[in-house]
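In the two complexes below, subunit A is the common chain; its partner is subunit B in one and subunit C in the other.
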Partner chain A sequence: MNTRIRSSLIGGLFGFAIALISGGFAGILAGLVAGLINGFSVPQAEPLNNRAGAVRQGLVASLIASVLTILGIVIRSVLIDPVIGTPLNITSLLISIIGALILGIPVCVIMCVIRTEPPARERIGLAIVIGIVLVTYPWLDQFLNLRFMNEVIPVLVFILMALGLNIVVGYAGLLDLGYAAFFAIGAYAAGMVSSPHFGISWSFWLAIWVAAAVAALFGLILGSPTLPLRGDYLAIVTLGFGEIVPIAIKNLDKVTINIWNYPLLVDFDFTGGTKGINPINRPWLPVIGEFSPSTPIPWYFLILGIMLISIFFISRLRNSRLGRAWTALREDELAAGAMGINTVNVKLLAFAIGATVSGLAGAFYGSYISAIFPESFRFDVSVMLLCMVILGGLGNMSGVILGGIIIQFADRLFLPQFSTVVQKLIVASGNESLREVNFASDFRLLLFGLTLVLMMILRPQGLVPSGRAARVMPPVKVEVPHD
Partner chain B sequence: MTNILETRGVTKQFGGLTAVNDVNFNVRQGSITSLIGPNGAGKTTFFNMITGLYVPTAGSIVFSGRSLVGLKPHDVTAAGIGRTFQNIRLFANMTAVENVMVGMHTRMRAGVLGILANVVGVRREEADSRQKAHELLDYVGLDASRADDVSKNLPYGDQRRLEIARALATDPQLLLLDEPTAGMNPQETAELTQLIRRIRDERGITILLIEHDMKLVMDISEAITVLDRGTKIAEGLPSDIRSNEQVIEAYLGRGAAAMAQKQTQQGGA
Partner chain C sequence: MATMRPSAIRTVPWRLLGQIAVVIFCLLFLTIPFVEMVKAMIADPQLLARQLLIGVTNGAYIALIALGYTLVYGIVELINFAHGDLYMLGAFFSLSLIGAFSLTTETPWSIRAPILIVVLIATMGFTAGLNMLVDRWAYRRLRGVGSRMASLISAIGISFVFQNLGLLWGYLRFPFMNGVMGSNAVAPKSFPALLPSVNLFAGTGVRFGAKDLIVVGVSVVLLIGLYLFVSKTRLGKAMRATAQDRDAAALMGIDVNRTISLAFVLGGALAGASGMLVGLYNGTAVFDMGFTAGLRSFTAAVLGGIGNIVGAMLGGLLIGIISALSDQYISTKWTNAVVFGILVIILVFRPTGLLGDDTVQKA
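And then the complex of A and B:
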């Protein structure tokens, strides 16, 4: 199939599904995203030297995508909404259709123009477009009354963590199944120093550094016993850590330590046990004042800022002596040692830096929801992060971000809303037997598993493979000898 | 001339098997020395003990007056020993230049904080090392257009050359080459022989070679040591080794030396 048509179908089906499930106004956003997807992939698949050709292809692709998105909007507004209790509103239907068109097509055309620029200017152009979309998004969300913001912020937290995990798994090739432990450690470290729990009430801006430092320290501590281990064994040990940390946190609420009959601590509440720690201080800034839970925009920009700074620094590490040492370690540990790389130090650094990123995410998350519980950091968080990294492309940050966006939005927005719509349709149809089925929670883990299995079979290098194509699990090559 | 490498009584046992037995071995500074022997003679095990992958069961290894026993591979590299592998062990998904730059790891200083702050020193070091990597690729005869190719996509002969460039990047005083011409055709072998000579002559790097290609060994070596079943059975000049009875028997079996001698006499008569 022609790449232009394929990419427009991917963008279009995406828009169609969002519009269908999240309603007409979400279709406007979907049109925008479909335009971005097309703008990325149309010139990518076939490097086009002539701009006119690229723009023409982009126009066709975005038209196809927009038509599909609009189809979704129409089906939702005309067929589904009236059944589930929202009467058809012609005005908002028209606004949605026009909105999807006027956002999707120009964005795609602009992207096509940028992508035919020379590489240096192309990068700047892409950064500007993505910047504009990211900066204007909160107001677009507000204007369209989408209320996605409360989900977008945790999505960004998880993407930040996936970027940290990518350092360990993608760059250094150390399969870590207990990464959520560092998220917990970061969140608790920040929570302990900025809440009434110990009576230490530091500002968020200080606590986040404490979280990063403590997480890094635990990265070193938990990393050191795994040093002689490789592959499966490493995965099993890290899996153990991932289980131990939340359980330890849960049980460290009555710590008694006796040293030679001298009671050093008696029933000392270290972590708050199952009750967790709350309330945790919120950030404060001049002009904005204290961040409030009801206005998500400052939070959005805060996490976005943390993420961008992390990306900036991670890419510096990536393209340095240390980044090359990580890749060498992943490719061939024995040869890396023989080339003068101290594999012990380099592994520990990967664990520590990965943990630091997760610690930042934990500190933000704790402050954002203003409370933390041991239950928030279970094994499935680690698995989900690993899914994000593998889906997007091991060792490639843009891939990991894409994988994160897909999995997180599917998990937090798409499935719950899908489930709500289906539920309403079932109620409307009067079929009592299906009432109890909850698609979001019942099928969630099945879908993750399915995604992982399919990816491993169809595209083991991920959606956006790394330049230094990373493989923790290399594909099996069957070679027939020609004798 | 001084010895750059001296081993005394080096022994390696794996369980009940003695892979290397009581080997005394010297490499003269600035020489090209070969280590030969039939398959399974313990040559690679011996290499691995020098480079820190194995710890000898007994004996001492002294490099430039410093004991290597117990050092980790990266410390041995830092001390000034570079190596290549019998089966090519490049970093398959990194480009040729990146492979060479990994070799410079111990000679670079950039630390985490310097990298994060991208200080001038780090930037300069990075640019210098990239430049030097290109020069090394050129030196071993890898085409400049191949420099940014992922190493697994390079032709076999180029991969062998790249491995040598990567080992040179560690800035060694002693270079250990483990069967560098394995799988090469006669022309490639001749080019590689040239390259090995140049590395010694132009860069003053001492070369220790494991090789099966006898023509190459006899041609290039200034000293040869022969191992058989873990034991040193001969050492000396190529001409001595060629006519050494024990060596011939090790390669061709008992009685072979007598037969060879008879043939030579008949041929001479």
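And then the complex of A and C:
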């Protein structure tokens, strides 16, 4: 009972926060999220196949979550909205509450029922629920007039990158602090071959493969000098590469190469410098035509498709001979070498495959925003990705996706909305001194930093620990060495 | 910890592969610029001398920060990633104190000098205390239980927290600070020009101001003080013993945790001093300056041989000079890349650094 209440409280708190911060019809979404999270975190019911019990359980849990969510909606509409200048609208308040209940309770009950099924059917059931939510989300977003789509797409791009980083850090145990560099390399490779920059204007569908290949090649090139290094030295060298790549991209806009007074290149604009490359071609498909920035739905399904394909390949790799070799390498390099694993190839493949995933993400991102700038691939991107991987659980894909969703939504949706609300409250309260504080940009770093530190101290194995990663991040016995 | 020789088991010569990759890269891309650079240096010796002196001044403060890395790494084998940001907080703290004492360029020297010394000591105390608290709260409970990766990730987290503190510090508008933080929180903060800028080598075409001398002088005093502390006192001996073998040191009755705290305190104090000196010297401080400074200093510590105090000083000096030369002869834009490149090259060719011994990379 205890864990059940806890899971409904977790779901309810998420719903509460979303409803409180976003306002409008986001309350309905909050109900859905509360139901989903509640269902996920509910423990496997004992005994199995007790449907009636599961329905009862789901009803109780979803009621607790709904109460919190509705509390959020009510506080937002009754207390906050009038202060920040939106008058209280009883009809929309009632619609929000009813919508939250209608979406939240059935979802939670269904999830609870699924959780009582035997494992094989449970997995299929969960996949179906997630699939339905993912596929219907764009229309839900449109219907509720939330306009979250333009944030959801970058969120998916970053989750894709986190999955790639998870190969390097989680599976192979190589702490890579310069992972954003491959994102940049992929984006630039794709941008160079499909934009007016060099006059090469290939289709997106071709450019994305070029990006993946170039990123993989750079994964090999940058990975090879780090082969003899381990642990924190490896981390620092990859960090160095992660910084050199954006510097190089920024400054390779006037390349002049003279070989003994014979000018090979004069002021050759290689990367576009700080201006970046702009515009980059957008994908084109027969029925849809060229993807346009104003209709996000095709983009959403494109990135979702790339992600699903990557997830499929990564999970296959994970269980292959190579995947086991990565685990062996991570656990004990010396023993892995002694068992006949070619550690050089295995390490390089981890770098290259991780870089490939990032290259795909980069090509998509460049095409999506139709421009790329060297400044968008700095160290904080790498650290944010690391945060996502660690929060969810090193070496566990569903954990990484969960961590990615939490960090990204906090960064892109929660903080900006929170900032707007607080700004308006401050303005309304007449206190001028805090007016210039921009919570969205000013608390990002704190969020990442605290996540890393607290996770390391409280739960180094992540929210969803991976069975195999147990030795890398052993659960900490909280036992402070005494003075 | 017994040092294993992994290369005896592996069939593939990893280090050699990495080295070949770096050599090919260097030959391809760096030969011609290097020749051009040497030509330019010979052409104008006065400019070279000026840059070398700038390098010495930069090297002094880099050495101060590098010592913090080296002290901590020598004892707990942790790359204290947050150290660069501690230096930034030191600059901010000293700027706030300068504002609180309402020091300006008008203040007479008889008042200015003692107050500056007080500010220096207070700043060192502030950063030392902060570093100690961080060790206690964030790193200590990960020692021994988690892997080293856990401590490093925690340190990166602390670095981001510090950076954010610096960012929020910019919003402070207490009346007693006399508006030193300016009106824009994110913008670089400017220090009043409190150090005299008289050129000591006036008329020779070479510039080495009194403020350079002060920065170098204070740094050298602190460096010598630290060296004497570590090599002559009982506490210093305890530090060296703990660095060599923590368990044996504990058996000999040394309080290991306190000794580690001491390393953090000393490193923090030096970082704070460095932050204040750089703030006064360059006249600005910005919340994200710790990242670059930290990486340069870490490179310096690795170059000198991490864990080695004299090595960190030497490395700091070298990195200071290299970056000053790179600023002049390559381009300011590329200096960071040059420093990172050097770091990569050292780690690949000689991870023990110039003065380090072979036990450094205990994996």
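Keep this in mind: the second predicted complex is superposed on the first by the 461 of 483 C-alpha atoms of A that agree within 3 Å, B and C clash if a C-alpha of one lies under 4 Å from a C-alpha of the other, contacts with A are read in each partner's own complex, and residues count from 1 in each chain.
Please note the rule applied: a contact is a pair of C-beta atoms (placed from the backbone, for glycine too) under 8 Å apart; a residue touches a chain by one contact, two chains touch by 3 or more.
Note that this is a predicted model, so its numbers are computed, not measured.
> On the A-aligned overlay, A:341 touches which partner chain: subunit B = first, subunit C = second, or both, or neither?
The answer is first: A:341 touches subunit B but not subunit C.
> Comparing subunit C with subunit B, which touches more residues belonging to subunit A?
Answer, by number of touched residues of subunit A: C.
> Quick one: classify A:328 as touching subunit B (first), subunit C (second), both or neither.
first
> Please work out whether A:254 is in contact with subunit B alone, subunit C alone, both, or neither, and reply first, second, both or neither.
neither
> Quick one: classify A:147 as touching subunit B (first), subunit C (second), both or neither.
So A:147 meets neither subunit B nor subunit C here.
> So in the superposed three-chain picture, is A:349 touching just subunit B, just subunit C, both, or none of them (first/second/both/neither)?
The answer is first: A:349 touches subunit B but not subunit C.
> For A:121, decide between first (touching subunit B), second (touching subunit C), both and neither.
In the superposition, A:121 contacts neither subunit B nor subunit C.
> Taking the superposition on A as described, I'd like to know which of subunit B and subunit C A:317 touches: first, second, both or neither.
Only subunit B is touched by A:317; subunit C is not.
> Where on subunit A do subunit B and subunit C both make contact?
Touching subunit B and subunit C on subunit A: residues 334, 337-338, 342-343.
> Considering the complex alone, what residue numbers of subunit A touch subunit C?
Within the complex, subunit A touches subunit C at residues 175, 177, 221, 224-233, 235-237, 239-241, 243-244, 247-248, 250-251, 257-259, 333-334, 337-338, 342-344, 379-380, 383, 386, 390, 433-434, 436-437, 442-446, 448-454, 456-457, 460, 472-474, 476-481, 483.
> Quick one: in the complex, what on subunit C touches subunit A?
4, 6, 9-10, 12, 14-15, 17-18, 21-22, 32, 77-79, 138, 140-154, 156-164, 167-168, 171, 173, 185, 255, 257-258, 291, 295, 298, 302, 331, 333-334, 336-337, 340-341, 343-344, 347-348, 351, 361, 363
> Subunit B touches which residues of subunit A in the complex?
Residues in contact with subunit B: 313, 316-317, 320-322, 324-325, 327-328, 331-332, 334-343, 349, 353, 468-471.
> Provide the residue numbers of subunit B that touch subunit A in the complex, in ascending order.
51-53, 72-74, 77-78, 83, 85, 89-95, 98, 101-103, 105-108, 110, 112, 115-116, 118, 122, 125-126, 150, 166-167, 169-170
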